[in-house]
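Look at the two complexes coming up: chain A is in both, with chain B in one and chain C in the other.
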Partner chain A sequence: MSLGSVRNPPPFLDSEDQEPEYDTGDLDSDDGEEIFTGTSNKPFVSTPPETDPSSDIFSEEGSYTVQKHTAPKTNGVQSDEELDLFAEATVELTLTAPNSRGRKEIIGPTEPLSTTVNTHGKLHVANTSNKPSEEVEEEESGDTFELNIAVTNPEKMGDGMNAYMTYKVSTQTTLPAFRSKTFSVRRRFSDFLGLYEKLSVKYNLMGCIIPPPPQKSVVGMTKVKVGKEDPSSAEFVEKRRAALERYLQRVVSHPALLQDSDVQEFLEREELPRAVNTQALSGSGFLKMINKASDAVNKMTIKMNESDNWFESKLQEVENEEQLLRRLHASVDSLVNHRKELCSNTAMFAKSVAMLGSSEENSALSRALSQLAEVEDKLEQLHQEQAFSDFFTLTELLADYLRLLGAVRGCFEQRMKAWQRWQEAQSTLQKKREAEAKLLWSNKPDKLQQAKEDITEWEAKVGQCERDFERISSTLRKEVHRFEKEKCRDFKHHIVKYLESLLRSQHRLVKCWEAFLPEAKAIV
Partner chain B sequence: MTSLSQDCDKEKLRSVSVDLNNDSSLLIDIPDALCERDKVKFTVHTKTTLNSFQKPDFSVSRQHEDFIWLHDTLVETEEYAGLIIPPAPPKPDFESPREKMHKLGEGEATMTKEEYTKMKQELEAEYLAVFKKTVQVHEIFLQRLSSHPNLSKDRNFQIFLEYDQDLSVRRKNAKEMFGGFFKNMVKSADEVLISGIKDVDEFFEQEKTFLLDYFSKIKDSTAKAEKMTRSHKNVADDYIHISATLNSIAADDNTALKQHLEKFAELLEKLRKVEGRVASDQELKLTELLRYYMRDIQAAKDLLYRRARALADYENSNKALDKARLKSKDVAQAEENQKQCLLKFDKLSESGKKELTSFKGRRVVAFRKNLIEMAELEIKHAKNSISLLQGCIELLKVN
Partner chain C sequence: MKGSNEDSAQSVNGSSIKITDVTQDGDTLTFAITSQKSSSSAGVCVFRTYEDFEWLQQGLFSQEDVPGLQGVIFPPLPSKPLPSTSLSQAKALKQLGFLALGDEWMIYCKALELYLQQVAAHTTLSKSKALYSFLNSSESPGKQCGKKGILNRLSQAMEEMRKEGHKDVDEFFQSERDSSTNLSALFKLSTEKFLDVVLNKQRLALACGHFSTSLHLCVNQDNPTAVAFSKICLKLSDIIEAVKINYEKVSDNDISTLGLGLDLESRYQEAKREMLFRRTCKLVELETANRNSERAKPNKKAIMEGVQKATQKEFDIISSVAKQEIEHYHRDRVSLLRDFLICWCEKQLSTARESSALLSQHLDACKKFAV
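Showing the complex of A and B:
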């Protein structure tokens, strides 16, 4: 058993106003009722431990208690890096405490971002949900549900070029839709991609912004496959693990996706059929590439008659923002690299000063110089951790949002395509009408019937297209608002987290130097 | 603001070497310097109560090469063979900021106007810092000479301070430069000489071992310290770019995020100034300290070489005397020679011992002072950063 007393409790944090906006037509929910009623404020009911083996992630001997989080033991890829990353992580998770809603933070250089999904019971169906104004602030009513996800324990399976990493996806939830309160499954990267594919297909046409998964990386994975146990491949695995976690957390924080059966299956089902169409060099991979190319061409030729300026200006905003974020990402990347450089230069300097101290003949000065070497050593560690923080808090956030903005743009494109379809349907209808008119003149009664049927058919189609377009437009609008709110909250949270990490660094700096000062003063 | 920091820096840098310019009978400083293309012209100002000078208060204009001439002249003076000659100031090096300015000019198109202005300001500050540093280093050289009981009385030193015309006539011409090159070769032979032979005198043997070892270590430390402070500067510069881009994003944003980004950008701008100060203070206190004492130890080593050469001369003269006695030719001359060599060697040893002992003390005091000051500055800057960060975090959390 790989864990022993080590648990990877789900990370969570406070998220206040999360307001799900639903397009009710998509929910297969009961009408008029608050579906999730009667839930208590205590998100985690102290039930006896589940007997299925995967439940031991969150508990130990049946009680959901505080766990001290140490490095997950993995085979194949264990590195100092990982140990460092989790060394300071502590999770206080008292599930039975009445007031704590079980939400504390994991502190550590790579604080895994987590969200507690408060699916407010406002799954209002039918009448009330189509709120046009987005200014509906959801108050935190008593019916809140939690779904916490953690992606942990990367493990290498198989070997050689067929090796792959699996990750443990642990869920903790009070949603009745799931069979149990806590469970976990093992998934591999292609499973995540497969989930994205399924969701895209379903929701793309509706204007929902589907969070994109982390990118494939042939180089990174090859290194891991080959079995090189160096810090860079460990870093790669950690980067991917964190990215997958954020991906899932974004997926479940989307109210529609949370209800989706594919998502639930992904979280729950023991064995998932292998998602083969996610491979880069597969048949479907090629198909996708071709589709993308034709889309690009289409985009250039569609000139949409925009009745609503909002969409046009919003798209422009998105595109501008994407450009700026790219620049910011590059700058932060440069910061990370320079800090890493600073880290290694400090290490070399520390060694050099230590040597200097040892050859110093004045004993007090010699001692002081050795102390200086130790201080610089500590600073090196500090810089390294700060570099990690820079990376995981800022760089990855920006990378995620670059991908998300791409997804948003994709939705706008979908809307344009819907409009195009509508226009095409309209023009076909027009042609059918003209054909009918011609037939009336030429007096061919038998063909007339056919023509009339055609017209009816196409009228229906036009109506459908129009409705589709309207729906995609309104969904897109809502989605964009939701996205913006979430982005604002996400950024703010990360900025604060980053500043707090800087603050911690500075505090430690002060401590280091204050410890050194008396040594320097003791030189005679 | 810049003038204030200039003064501060003046004070700080002067502390690399301590106890200078205390003697009011001869006060030297470099109040001003002009920088033309490649040459720096220093204004050397002297205030004196000594009669050996024509005027009590006067200034002259000198170039870096004049300082080098003075140093080399002192080194070549037999009389001072038993002294540690203060190391010559290094040549003014504006290569680094100049290169960066060039790169900045190339990359101008990719930055916002605000970013470009800030980077330019940073570079100008760096240029100014190099400039100030070179002025200080030259000043310290002169001040060490003026505070040395023997060297301050040197005739050439006086000429350097007083002669109101261009010194270039006295400077090394090509022939002499050649001589200098040859001298360097001889010096490396000296290194082999002294490192190979074990000295009879315990004191000198110890000193030799210590200085040789320490020199290589301090040279290494200086190089590593330089790299470290450069990295620090790079990090501070990155903050500029990030801050500028955040401002651009905030400008376009219309949601609540705008405020957050603006605050963050503002904070980063303030932080990078602090980081920049940390880097430059580290440079002054740590890197400069190491650099200076590396050169000083080289000067001490030079003293040891001279003594070793004198010893070799003495031994040669002994051999010559023996040979002369054997041949019964020129014995008196050989005896005289031998006596001179012994005299010279003894004098060297005596003054060398004094110099090296005081050097020890000087070095330890300087290290102590600088390490304390550096630690105090680091703490001050870190506390400053802490208050800036805390302020910003609070503001962000409130909104």
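Showing the complex of A and C:
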């Protein structure tokens, strides 16, 4: 749910002349700024809703306004020159400078937003405190701090079947909870899965929507391990790197998770203990878990007595949306495949024209044909880049959201389980009371004492279950709202990115044709 | 091939020949052809079917009073059109290539039109009575049985493929034959590859259409956030629709310019090869006649020498006509390809610019979207 998934693989869109190698080595510059693509953590905005009614507090309007000022006439898209993707990032980063939109970098106490917040140096999350459940609006309060994360530099360690990839996780932050402002660590894939495991154990019962990690892939990893230096394994690594980055960005954009010590440790600590038992938590294992849970819930003989229709209709909405996204994902997938096909067909055409050009006797025609071959080569590259843009901007976005919706459904199921536990506690209490009544009649004083103790115990349990259920319900409600808003923002952001890449492609296409025209006219 | 048009009452103004309409009746296509004579501005309109075109081609092949006719590079007639049903679409593509694409047979008509224009522009062929009849006679000439003339000999010759490799006596012709074989194969290959590219673009447009339609289904009015999300999806739907239309235009441009041009060039290369082959066959015939004349017994010698002299004369005329034809061919094909390439480039350039402008508008609108 991060806003800042601006990460298109830079080599492809950066300059025309670069080969589409998955060389993320370029990113390993230690100017921290370059790597961070503007994932300034907007939840920590202190603008109270009342004073800024026209935009919601996560508004991106500010960033786009600034972007317009810095952009040349071509609509923010520099088509031929090196497109410095990170120019946008630097722009967005500096947004935390005081600007009229009300986002301020505050060291001192924030404006009072809610009564229970004490903000200096700390982040408070509305979710974990006992808030009255009617407050459904977002009330993130806190200081405007920044946290930007980038995942770069995949490196292969070891060899043979024991080989694995490590990734550099770089953080740039102004949060005081961390020891320094800029730091990086190396992590491997199982570390990410381990983080997810820890988080889901902690937060699952609270109704928080935990972003799911990227999927495990035996086939992909085996190719990498075996050391095949082909484009498909490089593609796999790049896909994974991007997915890991998006995963972390989503984790830290959740206010509760950002505060979590496990998350902070993940980002900061030099060496992490090796995570075990991660097989169950990724890929098909994860999906199986979700499906098992939903099967179990469906088999529940006690139908949940829904006091609040909201949950029922929202769950239905989520399920509908999942179906929709699945369809969209399939569509985009086929689009990507067609583009890849177009790439290879264009390459073959270019080759055949090149052969023509070299065999042709008329010299001007021969030259024109050779030029044509080059134009087609450039077109092939354009198609290739567009395919990657399609893929990373759209396909992966849709895939991420499919998994996120699965996580949302998981939360609903957790709530139903909590309700079930509450009902079971109540029925046990009822039984204990009946047992006590029987004992009263049969006059066995020693057992009576035990029965009374039982009742007290179970009354407490019932109370606890009820509180848990209420809490999970209210948290879930807020989480869903937050999720939906993030989703909207995320999609809009990605569509703009996609559109920009389309526009860039078109500009370069125009240049290609403009260059070829004089060659064609020169044929005598 | 363009040559100078003689000013006679009969000659037709080649560039005025246009196919203005085509109608389909079941399996038959009927073409409306208008033309003007070079001496007047009055136009004539006739209706012809493919059989009529075949009749014309046969008529051209079988003109008997033209010396060295075998040395002429005949403008190639496109293959028979298969009105496509969904079953024969693949067949049509295989047989006609680019000419099977495009809306409503427009590309095919253009190819036929070019054929007629080329015939009318040829010094020798334009004088043929068959052409006059074809363009002016109100009755459809194709119903008559055509004379079999050279056509037969051509198909006979095709069976004797081993003559293809027969060494030539003239260096000019030998090198023409070699380069022809080479270039012809390369042009065919390029045309096929380009066809693949264009078909791929059409599939891409289709996929965009599906995606755009799926996005249109994302409408949810339950709450403000859902409304905003729906709007975003609809916006993306519009964008993808624009991408689809762009791809359709791009592939249309491809088909109507470079595709047509490559197809024409391929077929012309074939026509040239056929002419060279005919000449080679004549050469073989001549060499056989020479041998026969040498080995002839005295009583047959005179006859053999007569045959030899006649064959030699025919061969010489064919060779001289062929030489001229080849020179015209080289000049004309270059200018034809040039025109097609320029047209293609200009169309693609303008489409790319349009698309840029449209996407730019979309981008502006998107950025202003309040979420």
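For the reader, a short list of remarks on this structure follows.
By definition in this document, the second predicted complex is superposed on the first by the 357 of 524 C-alpha atoms of A that agree within 3 Å, B and C clash if a C-alpha of one lies under 4 Å from a C-alpha of the other, contacts with A are read in each partner's own complex, and residues count from 1 in each chain.
The definition used in the following text is that a residue touches a chain if its C-beta (ideal position, glycine included) is under 8 Å from a C-beta of that chain, and two chains touch if they have at least 3 such contacts.
Nothing here was measured: the structure is a model prediction, and the numbers come from that model.
Taken together in the superposed arrangement on chain A, chain B and chain C clash.
By the touch criterion defined above, A:Leu365 reaches both chain B and chain C.
In the superposed model, A:Phe349 makes contact with both chain B and chain C.
Legend: residue contacts after superposition of the two complexes on their common chain; A:Leu328 is shown touching both chain B and chain C. In the superposed model, A:Ala177 lies in contact with neither chain B nor chain C. Among chain B and chain C, the chain that touches a larger number of residues in chain A is C. After overlaying the two complexes on the shared chain, residue contacts for A:Leu509 are found with chain B and with chain C alike. Once chain A of one complex is fitted onto chain A of the other, the partner contacts of A:Leu272 are absent, as it touches neither chain B nor chain C.
Overlap of the chain B and chain C interfaces on chain A: residues 317, 320-321, 324, 327-328, 331-332, 334-335, 338-339, 341-342, 345-346, 348-349, 352-353, 355-356, 359-362, 364-365, 368, 372, 484-485, 487-488, 491-492, 495-496, 499-500, 502-503, 506-507, 509-510, 513-514, 516-517, 520-521, 523-524. Contact residues of chain A toward chain C in the complex are 55-56, 59-61, 64, 68, 74-77, 313, 317, 320-321, 324, 327-328, 331-332, 334-335, 338-339, 341-342, 345-346, 348-349, 351-353, 355-356, 359-362, 364-365, 368, 372, 481, 484-485, 487-489, 491-492, 495-496, 498-500, 502-503, 506-507, 509-510, 513-514, 516-517, 520-521, 523-524. On the side of chain A, the complex with chain B involves touching residues 317, 320-321, 324-325, 327-328, 331-332, 334-335, 338-339, 341-342, 345-346, 348-349, 352-353, 355-356, 359-362, 364-365, 368, 372, 484-485, 487-488, 491-492, 495-496, 499-500, 502-503, 506-507, 509-510, 513-514, 516-517, 520-521, 523-524. Those residues of chain C lying in contact with chain A across their complex are 179, 182-183, 186-187, 189-190, 193-194, 196-197, 200-201, 203-204, 207-208, 210-211, 214-215, 217-218, 220, 222, 225-226, 228-229, 232-233, 235-236, 239, 243, 330, 334, 337-338, 341-342, 344-346, 348-349, 352-353, 355-356, 359-360, 362-364, 366-367, 369-371. Per the touch definition, chain B reaches chain A in the complex via residues 210, 213-214, 217-218, 220-221, 224-225, 227-228, 230-232, 234-235, 238-239, 241-242, 245-246, 248-249, 252-253, 255-257, 260-261, 264, 267, 271, 360, 364, 367-368, 371-372, 375-376, 378-379, 382-383, 385-386, 389-390, 392-393, 396-397, 399.
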